[in-house]
Amino acid sequence: MPGWLLTVWAAVVAMVVVFTFLTIMVMFSVWMERKVAGFIQHRVGPMRAGGFHGWAQSIADSIKLLFKEDLILIGADRKLFQIAPALVMATATAMFVVLPFAPGWQVADADLGVFLILALASVTTIGVIMAGWGSYNKWSVYGAMREAAQVASYEIPLALSLIPPILHYGTFSLATATEAQAGWGGMQWYVFSSAAPVAWLSFPLFFIAALAENKRAPFDLPEAESELVAGFHTEYTGIRFSFFFLEEYAAMFVMGAVGAALWFGGWNFPGIHLLEPGSALLQVLALFAFVAKAMALVFVMMWVRWTVPRLRIDQVMTLGYKYLTPLSMAVVLIAAFWEFGLHLIQD
Amino acid sequence: MALPTPPREPARRHHYLGDILSTIHSTAKGMALTMRYLWRKPVTMDYPKEKPVIDQRYRGIHVLDQQLCIYCDLCAKACPVDCIEMDAVRHGKEIEWKAFTLDYQKCMFCELCVYPCPKDCFIQGTEYSMVSEDRNDFVHDLLTWKGLREEEPS
Amino acid sequence: MSSSHPAAAYSRAPGREIELDVATQDCQIHMGPQHPATHGVMRVLLKADGEVLSGAQTHLGYLHRSAEKIGEMVDWLQYLPYTDRYDYLCAMNNNLGYSLGVEKLLGLEAPERAQYLRVILSELNRIASHLFAVGTYGLDLGAFTPLFTALRDREIVLDLFERICGARLTYSFIRPGGLWNDAPEGWLEDVAAFLDLFEKRWHEYWTLVVENRIFIERTADVGVLSAEQAIDWGCSGPMLRGSGVDWDLRRDQPYQVYDRLEFEVVKGSGYRGSVGDCFDRTFVRMFEMTESIRIVRQCLEQMEPGPVHNPEVKSVIRPAPGSAYCGIENPRGELGHYLVSDGSKIAVRVRVRAPSFCNLSVAEHLMPGSMLGDAAAIIGSVDIVVGETDR
């Protein structure tokens, strides 16, 4: 086969694998969110679709969404309206390309792993703003403007809070950072390593900034249900709506995965040193460990959503600019001192 | 635990560090509470499979004890929305029943028809389920038998 | 914008004019009849300059059901089910207000056991109504869980009501002359058990809703209603007491057996912001629930066996010609019934003074100057029931 065809073929296979994984992960996340919400609210969530605790509810909902009527309002900007969900979905899927699922199991070992994820998260925002503006609806415009303000406020804390682990492991690549956390029988995670205090300081900042980037409560103003009906995606129906929905849970998983990879050891699990590298058992257990850690962080995001009320937009921006930005700058300084300055004192 | 009473002093206004700590503290307390809720037994029941136990005084669909009824029309007169209609012919002390209908499209389940009955023959029972695709099904005929007397089972 | 509002420094509302090169127009948005945060079908037309509101206008009437006109068509006793339906969250109180009005026209009173039971039912309904108010207020602000917790506790109260009268929401149980029935076996013990349970559960609402920092940020210093403004606009109930005014009809114009009961009138004191902000109104509602627990406990102790209906009040009531006004303390404020009789069995005029209507009228003036998110917070804190606003 000629070289270029091989590349194209590899890209197609990668796309199919990633998209399948993403779809299954999102369906599972939606089901988990509804069950978690149910049990927190003294009820049970879906129970009937598929029998055991309604596991097939997400599948049923997706099929239902496919059959819905596709409406575009007469005054809406057709091109923006139609491109927005596609843009949002494309960037969310692209973020999966640099996630380290298991040793060697990564779509692309880019040197700029985390940086790529940050960049793509910003492009997602453009899609949201297009959706809000393109719908012929003032409430959607409000959602879009709030999204723009919110994401702009939290870009800096998100990026700065990622710097401590990057400094410690000396690389942007998530796979390299995960491999470096394999010591101590697979437990030398960043949060247990020699720079543990810095890790515990930077992780909450990252988590809060990630919540804000993902439009999750308490920062879910762009789609604030009780004020704006559905914010920027009010006018979307059917498949187009399902793309926004998919993107939200995909982005949640990506942020959870980044948190897991950089702070909690990625695919490393206790006892990883006992298994033969390259063996099927190791790969499967590593994949399971990685996905479990990411889903644990996603669970915490859901737990927070069902507990706290929503912040008003000026409070969101105050939190971002006045609290998180100075704190994350301080944490970066502490991290820099910890990594490079400590030995100056010890000597 | 004593009954909570309103605090007398206004709470102190916080400043930068105090704001951060109080946010973390109150959010953590709220999250601990929701985590406890997560593990508690749900309070809902799986409706069509498990049905609730209905109290005896419940205002459900009406039940008429036709043997006791003396066709005095007090229940129909008491109804605020005039949903009860009855039609019968008196033959001396006996009553030849033609119809006793209650239109559930109008009924507001207020029980004002139950209290005036002098013979205590008209009550609201515990049946609540009334589903149909045809409007005429909602005009219930509460008679168990028509005519002069209940037919003897043969 | 009031200068104490958190975003006052950034406001471009009247008072802080900024030179702009471009001519702009205020955005007119409908918080339309169907909206998750308007507590029923009510339209609020908002004019906003970005996120800051510059005007608000409420449009009512979407739930008008001619309750007052129906009063001129049905008998005095037949009107009782209609009274349930204006403020469907506290139907016992509505029945009580109407029954007291009719009893005033007749010049008769209910027996003592009926009066104690009426107070117990009204206060239990006050707890249920305030639970719903606090729960849906959390929902308006984005906290989804407190609503379900509130509904879980309210379910116990509704089960108690189902056992005594057969209905869960529209009771028609408190009638002119007393009550239709006495409480069944074991009901009073179950009420006491509920009060003990609720006393502990109250702290869950305090933690999950009121003491939550984000809730405080959303409600403190928002929608500040001064005491003079509250009195001028005819506000009553938690709206009035939240602004620091010491007025409660149960203590100042006592009816039934309230003059024999000891309870405190809770006022807003600016615990977390200014006096009269949204937080204070929620604060008043939370502590009114504890006061209701006290009242019901005292009633349970003081109650004696006896009849529950005054036999002089017949089914077909023909009061002497005249008129009477009776105002009671609803969970939302003062519910007044003005009844005019000409001696026949049908009223000449049934006029209902709904507390939500008067409380809502001031909300229009609280909204300009605050932000869009505050519109939901302000309407939620007024605690309207559109069935009552429109009748």
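For clarity, chains are labelled A, B and C in written order, and residue numbers in each chain start from 1.
What we mean here is this: contacts are C-beta pairs under 8 Å (C-beta built on N, C-alpha and C of every residue); 3 or more make two chains touch, one makes a residue touch a chain.
Keep in mind that what you see is a predicted model, and the values were worked out from it rather than measured.
With chains reduced to the mean position of their C-alpha atoms, the one farthest from subunit B is A.
A count of C-beta contacts for the chain pairs A-C and A-B puts A-C on top. Among the chains present, the centre nearest to the common Cα mean is that of C. Chain centres here are Cα means. That of subunit B falls 23 Å from that of subunit C. One finds 43 Å separating the Cα centroids of subunit A and subunit C.
One finds 48 Å separating the Cα centroids of subunit A and subunit B. In subunit B, the residues touching two or more other chains are 19, 27, 30, 33-34, 37, 43. Shared interface positions of subunit C, defined as residues touching 2 or more other chains, are 145, 149, 152, 208, 212, 214.
Touching of two or more other chains is recorded for residues 40-43, 306-308 of subunit A.
By the touch rule above, subunit A contacts subunit B in their complex via residues 36, 38-44, 47, 303-304, 306-308, 323.
Listed in rising order, the residues of subunit A touching subunit C in the complex are 37, 40-43, 138-139, 142, 145, 217-218, 220-221, 224-227, 229, 305-315. Taken together, the subunit C residues at the contact with subunit A in this complex read 6-7, 10, 27, 29, 35-37, 50-51, 138-145, 148-149, 152, 208, 212, 214-215, 217-218, 371-376.
The part of subunit B that touches subunit C in the complex is made up of residues 1, 3-8, 10-11, 19, 22-23, 25-27, 29-30, 33-34, 37, 43, 55, 57-59, 78-80, 108-112, 115-116, 124. The residues of subunit C lying in touch with subunit B in their complex are 74-75, 77-82, 145, 149, 152, 155, 162-167, 170, 172, 180-181, 184, 199-200, 202-204, 206-208, 211-214, 264, 266, 269-272, 283, 287, 290, 293-294, 315.
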